[in-house]
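Below you'll find the structure I mean.
Order as written gives the chain letters A, B, C and D; numbering starts at 1 within each chain.
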Amino acid sequence: MRGDLIPLSKFHEECGIFGVYGHPEAANITYLGLHALQHRGQEGSGIVSSDGHDFSEEKGPGLVLEVFTKERLARLPGRMAIGHNRYSTSGGTHDKNLQPFLVNFTLGYLAMAHNGNLVNAQSVRDELEAYGAIFQSTTDSEVIVHLISHSREETLVGRIVDALTKVKGAFSLLFLSSEGLIAVRDSYGVRPLSLARLRDGWVVSSETVAFNLVEADYIRDVEPGELVVINEHGLTSYHPFAPTRQAQCVFEHVYFSRPDSRVFGHNVYSVRKRHGLRLAKEASVPADVVIPVPDSGIPAALGFAEGSGLRFEEGLVRSHYIGRTFIEPQDSIRNFGVRIKLSPIREVLEGKRVVVVDDSLVRGTTSRKLIKMIRGAGAKEVHLRIASPPIISPCFYGIDTPTRQELIATSHTIEETKQYIGADTLAYLSREGMFDAFPPADGAGQPFCDACFTGNYPVPFTKEELVQLGLF
Amino acid sequence: MRGDLIPLSKFHEECGIFGVYGHPEAANITYLGLHALQHRGQEGSGIVSSDGHDFSEEKGPGLVLEVFTKERLARLPGRMAIGHNRYSTSGGTHDKNLQPFLVNFTLGYLAMAHNGNLVNAQSVRDELEAYGAIFQSTTDSEVIVHLISHSREETLVGRIVDALTKVKGAFSLLFLSSEGLIAVRDSYGVRPLSLARLRDGWVVSSETVAFNLVEADYIRDVEPGELVVINEHGLTSYHPFAPTRQAQCVFEHVYFSRPDSRVFGHNVYSVRKRHGLRLAKEASVPADVVIPVPDSGIPAALGFAEGSGLRFEEGLVRSHYIGRTFIEPQDSIRNFGVRIKLSPIREVLEGKRVVVVDDSLVRGTTSRKLIKMIRGAGAKEVHLRIASPPIISPCFYGIDTPTRQELIATSHTIEETKQYIGADTLAYLSREGMFDAFPPADGAGQPFCDACFTGNYPVPFTKEELVQLGLF
Amino acid sequence: MRGDLIPLSKFHEECGIFGVYGHPEAANITYLGLHALQHRGQEGSGIVSSDGHDFSEEKGPGLVLEVFTKERLARLPGRMAIGHNRYSTSGGTHDKNLQPFLVNFTLGYLAMAHNGNLVNAQSVRDELEAYGAIFQSTTDSEVIVHLISHSREETLVGRIVDALTKVKGAFSLLFLSSEGLIAVRDSYGVRPLSLARLRDGWVVSSETVAFNLVEADYIRDVEPGELVVINEHGLTSYHPFAPTRQAQCVFEHVYFSRPDSRVFGHNVYSVRKRHGLRLAKEASVPADVVIPVPDSGIPAALGFAEGSGLRFEEGLVRSHYIGRTFIEPQDSIRNFGVRIKLSPIREVLEGKRVVVVDDSLVRGTTSRKLIKMIRGAGAKEVHLRIASPPIISPCFYGIDTPTRQELIATSHTIEETKQYIGADTLAYLSREGMFDAFPPADGAGQPFCDACFTGNYPVPFTKEELVQLGLF
Amino acid sequence: MRGDLIPLSKFHEECGIFGVYGHPEAANITYLGLHALQHRGQEGSGIVSSDGHDFSEEKGPGLVLEVFTKERLARLPGRMAIGHNRYSTSGGTHDKNLQPFLVNFTLGYLAMAHNGNLVNAQSVRDELEAYGAIFQSTTDSEVIVHLISHSREETLVGRIVDALTKVKGAFSLLFLSSEGLIAVRDSYGVRPLSLARLRDGWVVSSETVAFNLVEADYIRDVEPGELVVINEHGLTSYHPFAPTRQAQCVFEHVYFSRPDSRVFGHNVYSVRKRHGLRLAKEASVPADVVIPVPDSGIPAALGFAEGSGLRFEEGLVRSHYIGRTFIEPQDSIRNFGVRIKLSPIREVLEGKRVVVVDDSLVRGTTSRKLIKMIRGAGAKEVHLRIASPPIISPCFYGIDTPTRQELIATSHTIEETKQYIGADTLAYLSREGMFDAFPPADGAGQPFCDACFTGNYPVPFTKEELVQLGLF
């Protein structure tokens, strides 16, 4: 741990959470669930399990399959468990930041796993520290645990509600105590959280893809603002928070979630494909072939090809053996970072007018390298189509976007961006096009947060928060 | 090492080999080349480098990225290097079996990397042992090193040629000695081997995909029966072996090679796509959607969709985080082995008549699970289309196929196979269809080995070999 | 972490602490100091260093030499550092229990290392938890950190004094903050702590043996009840605690400290040798040879030989390669646990009347095995001489003694003990003999705690503590 | 492996070997035996076990306790096993050099473990390589295996004898084959090798100390020139080699063996003590105290004290936690290398005239540092007494001595040596004194090799060997 001021960028965490109640192999099921949610966080992973009396904890850096050996899973007995995948953020990685947090406080043991991000974590932390609290991690999530521990409410649920009314931001949360499994989603519903049955027990997951793997039957989403207690009496639902407008993260559909998940009631693959179909209508171009940037660009590229009548091809092959670090020769290789992940098929591209479809454009640096590589493989023209609008604002609710300055769309016009990345043409999907991909019932209510595309954050910030978040 | 009789199944090795001559970072380039060839072998990896005087060696089990740390690469100095990826075979894995072999014999140091398989390894080994030779590994490859060491020829090239005339089977070989880099391909040309220039130096690789990554320029294939010496005098070509009919492995195109490689003069992606187009003509079926078994089935599925006019969709999502072992719950999950790798998108499959396209069908067990999973996701009909003929004979030239008994096509008719795997219909590509995918010039000469589809092995076996290979 | 009630046996910790102020390689010096103190704790080790602004922390299970690699030491910059060795206690070992603790509280960063044991830790912890505090470890030491964090005093020193007045028990403590290095010793002076100069800087250590290694010059002990602040203004001494009688642990001299250390003003080797001389006077026996139980019994055995005029020999050879675990054959070996550590020299023992001198006798099980082994090597008679009185009470101030029930002297008379261990005769050093080994000035004031030999604990316990400590 | 000429210094190997025949836990017994022989080699360790049909092998760098986990031992089934400890030599350590060697040759499996050193290894190796042999290691031992494999004799015993008549030098050897366990000792008997019974089975060990640990009963030494076969028919003894004068290594008694071993028929501790007694007669000096350099100097120091009537004290404490590497501060510590291993007790040394007794003096560099440290602890005079004669010639039979140039006695007179190391007086034990420590019967026959003290090597070298060994 370095004693610098806690960098706020650390607070930006995408994560996956998963919980089981009432299964004899709760930890093993959680391990599989976390594996299915691996795309939501690769930095490290942890599981806490319990038989209602003892609590066991195993955590470590790396992928789920690396962290959990047979021996470690065997040290996680009990019929209930929660787990967490943490995203790889830049800067120091510390085991202390890995979740679930397991603490022993005056009501006994409590474990917590958090997906989302709090915007007032620093000021709450300052207050708690003045009061004598000692923090172990540099994450925003830990303030919730301390607020619960310091609450004067009598019951655990009372203390959780008390604590959550004091924080602002996005949270999908799982708690494990001797009283059972508790799942909560903030009133905006920023991050997803879904419920399923597994035989006599219950499963909760960030994404439904994990239900497929463990053969659980999807029941419904945990609703925005809902707190659910699962114990030997079954499932009890509470709505303890003041209602507010919903602000579900549309970027989960654009990029973050798996195509085989159902998120906020919509299948991700289908939404992405409709984004491609609409983009073909909004920004068609004469061309010979449509290729995706694999894997997240595939559904939109299929939609674009269908919408435009152009031929879909696999023009870029994605490597299956990508690690965290590569040793590059000193005499370095052009576009190494892209080349190690993606390899062009010359026979598909040579002499062709190529439409490349990607899900989103953040900094533009990767697209620039990619387009150079595609041209190097003989493409005559390269037309980049982005299946979402330009990103102009950072996310403070749990997606690890760069700062405003690093977003290419804040400093470059579309024409300038096209020049920079070296495309022949560049077009983005319109905001309307993005939302029209959701069935009318939903589009009407506009239940989404699209702050990254518009700068309209669902919650107003205090001046202090604006300073802390670098927005002022 | 267990002292059992050396199991012949050990002899079945698919591998990738890569060499560099005349580059200041020869080992680092080899490391990247081996990474690009990772699909040809995941059991372990090794590199030997040299400055012409000292020879350095690093090997280990696991993926290229795991084996070679910065420290290990730094221990591999010199302007020339060869490397090897070993395929994961069942049974014990021993470091002693990892290549390249580095030995010090009477002519000095010699390193060797082998892709292919020798059919008379056991009898040659018996002879050499009677003569006093001591073997370190249980691989067929090591007999070549001993034959070289025991040869009475004076020059290294003379000894290599002498040794290779005594072995039968498939070999693409790289040697590294103080005299330079030597590449050889057997007269049948069973396994691929290609040459490229990297600045002033040379690169040799099992597949051209590795040239893309290191920015080397493809020159030509090492020809069947050719021995190439690369040293400070440049490249010298020899054709020391008696000419024979060519027998290049068609299965490299069907399944084994990367789609972005050029193998035996043909781009693999294009060949596979033509297989799909032809299959659509040979075995069309009324349906709503065509989906591939990713990743190897994608090109053929695109061809099938194009040829049949049906819609291509991504119906199965492949996980990017697959490890070697998974801890399955005791209360086991149905079709766990398939489910952990592939996840169906219900919205694509539900209520649909689905054509599933795969590259080949070996045992049928995976397809059976897959089809169950697709039906479980709501598919109304499932039609399996295989983009190659039925496999009826094991390979003895370097592809790790199961024994004849385990091949479903040897014991089941197509109708019985269909029943077993649970498809509504099943069809294979014809042998003619498979070969017609190659431009006429080639098809005419029939330069391919298709023994796995026909049982016509290019070299007649002795009776002893038949017994040893389990064919008698 | 298992959620059982925190076992009180965990609270029994022997440890070594070491600190440096004002040296450019503070962490490296601390690493060597901890190595010299390795005998005080082998479970795990940690160092926190600081440049006065940033704080860095490295910890891990195992020996100092195993925990700290060159890379880890390089991650510990700054001119001040503190370190801690933790003793191996039975039961689970958790990194969370390793010290120094590093926390960030309202006054900034604070690191703490503790040698000793608090007797009211549980009740203080209960109070703090009721107040909302969240504990990370199961150690007694952590309550000090929380008391400091919760104190209403303004200065760090004020908060430390405030906190320490609320705990009962033994503590030699090191703190590191941006304000410098702080060393404290409880008013009883139970555990040692000494000061030395290292060039322009300062060094603090549990034992002076560490000064020898790093070439520091011993200045004086930190006095019982003294708090010392070392910063850029030099050393400032405080005596903030109410004076009390001193109770320095005599067992440090009997067994725990290194013979080359100066503890409480006396060289340990000299004291032990005088114990042996006195024991020879108190309990001589006709014999042929005197042998020590190496290594801690050597000085007393030399004294016994000198006092009795008997010949001293090395009759037992101690292995230098002892690890934590041994794999014993199923067909087990007699007295394996002793035999693996000590090996008899038959030529020294055969046919002899042997006096075996050991420093202390705890459970008797090892002596029993040892005596069997010595008889097995041919000894005619075996006379056990113990250079300290019978142990009849557990230690609650930081020495890891077994419970009262396990101490052989609580349930067996000397005669019964002799029978149990199988000696021909058995004698202990008298309490007077033990104390007479210290020069008169000290013996007069009786500054020692000898509770383990007498049951007279220096601080009266509350009834609650008696229950918690298992004394009631 | 670096391709340099094989450095001859590599050939200097001290080692420990251990074998078991006829015990259900042969590998576990071997593991314990190797642990007891750990002082003979710390570089790495290996065991090969067999049930008579299968052979299993586990090897690795490090101490026995580190190399063999429960899992690895479980992979070593069978009722017979042999093991080997390898000494840490400077330069590259390679797993390939670890023994036992396990090979599969024309007679089946054969494992071999070697203690000693061959002086004609290079020329035999050159011959074998010209004949086609491929070597895996850079050790001298491997030539024996190849000679066996190339022998034209029919039986294994015949081939072993044939091979051993072709090598010159020192060898105590263990072989394991499907025919049983074979033990051989060269005709000079340079290195020790002893036989014991373990229940119904047999144990063979470099030193008898290992018998103590596993509770085996010492029977007799394998005789110089004897070959022993142990199998289901019991023990059969052969004397196939031409008789010669015996040349048992006296340095085993001076330094190398454990004091609790019986070597060449004499207890090592007793011999060393007699060396000290004699040294007191030959070179007494007025002094206050005698201290040993622990641990190997202890018996001689006890003898010296007894012989001189001076008081024996423990003046230097040896650390029990010595590792392979220490991270020294840049601002380095005086005499760090000695200080980290040995720590002086000031109270024993201050103001005293000190006799320091060590077993032998090689380079003088350590003694120089040690004497400085002892003076630094206050000694008034320091008199060094060496319990063996000056070492003037390197050993070519298996003790890792430095080259002739590095031996201080080859370039310095005793007076110059005294000056260099900084002692007040220096004396060595005479050669007669050294040999008189053995009972007359032995001294008469002079069965010892004392080449390191005299330069009289038992076997004349060829001119080529002289050049290779650096003697010419």
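In this section, contacts are C-beta pairs under 8 Å (C-beta built on N, C-alpha and C of every residue); 3 or more make two chains touch, one makes a residue touch a chain.
The shown structure was predicted, so the numbers you read here are calculated from the model rather than taken from an experiment.
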Chain hops separating chain C from chain B, counting only touching neighbours: 2
Intersection of the contact lists for chain A and chain D: B, C
Between chain B and chain D, centroid-to-centroid distance (C-alpha), Å: 50
Separation of chain A from chain C, taking each centre as the mean of its C-alpha atoms, in whole Å: 50
Between chain A and chain B, centroid-to-centroid distance (C-alpha), Å: 37
Touching two or more other chains - residue numbers and ranges from chain B: none
Chains that touch, pairwise: A-B, A-C, B-D, C-D
Partner chain C, residues of chain A touching it in the complex: 1-4, 50, 53-57, 95, 102-106, 108-109, 129-136, 145-146, 149-151
Residues of chain B defined as touching chain A within the complex: 24-25, 28-29, 31-32, 35-36, 38-39, 63-66, 68-70, 73, 209, 212-215, 258-260, 267, 269-270, 295, 298-299, 302, 306, 311-314, 317, 319-323, 325-331, 333-334, 339-340, 343-348
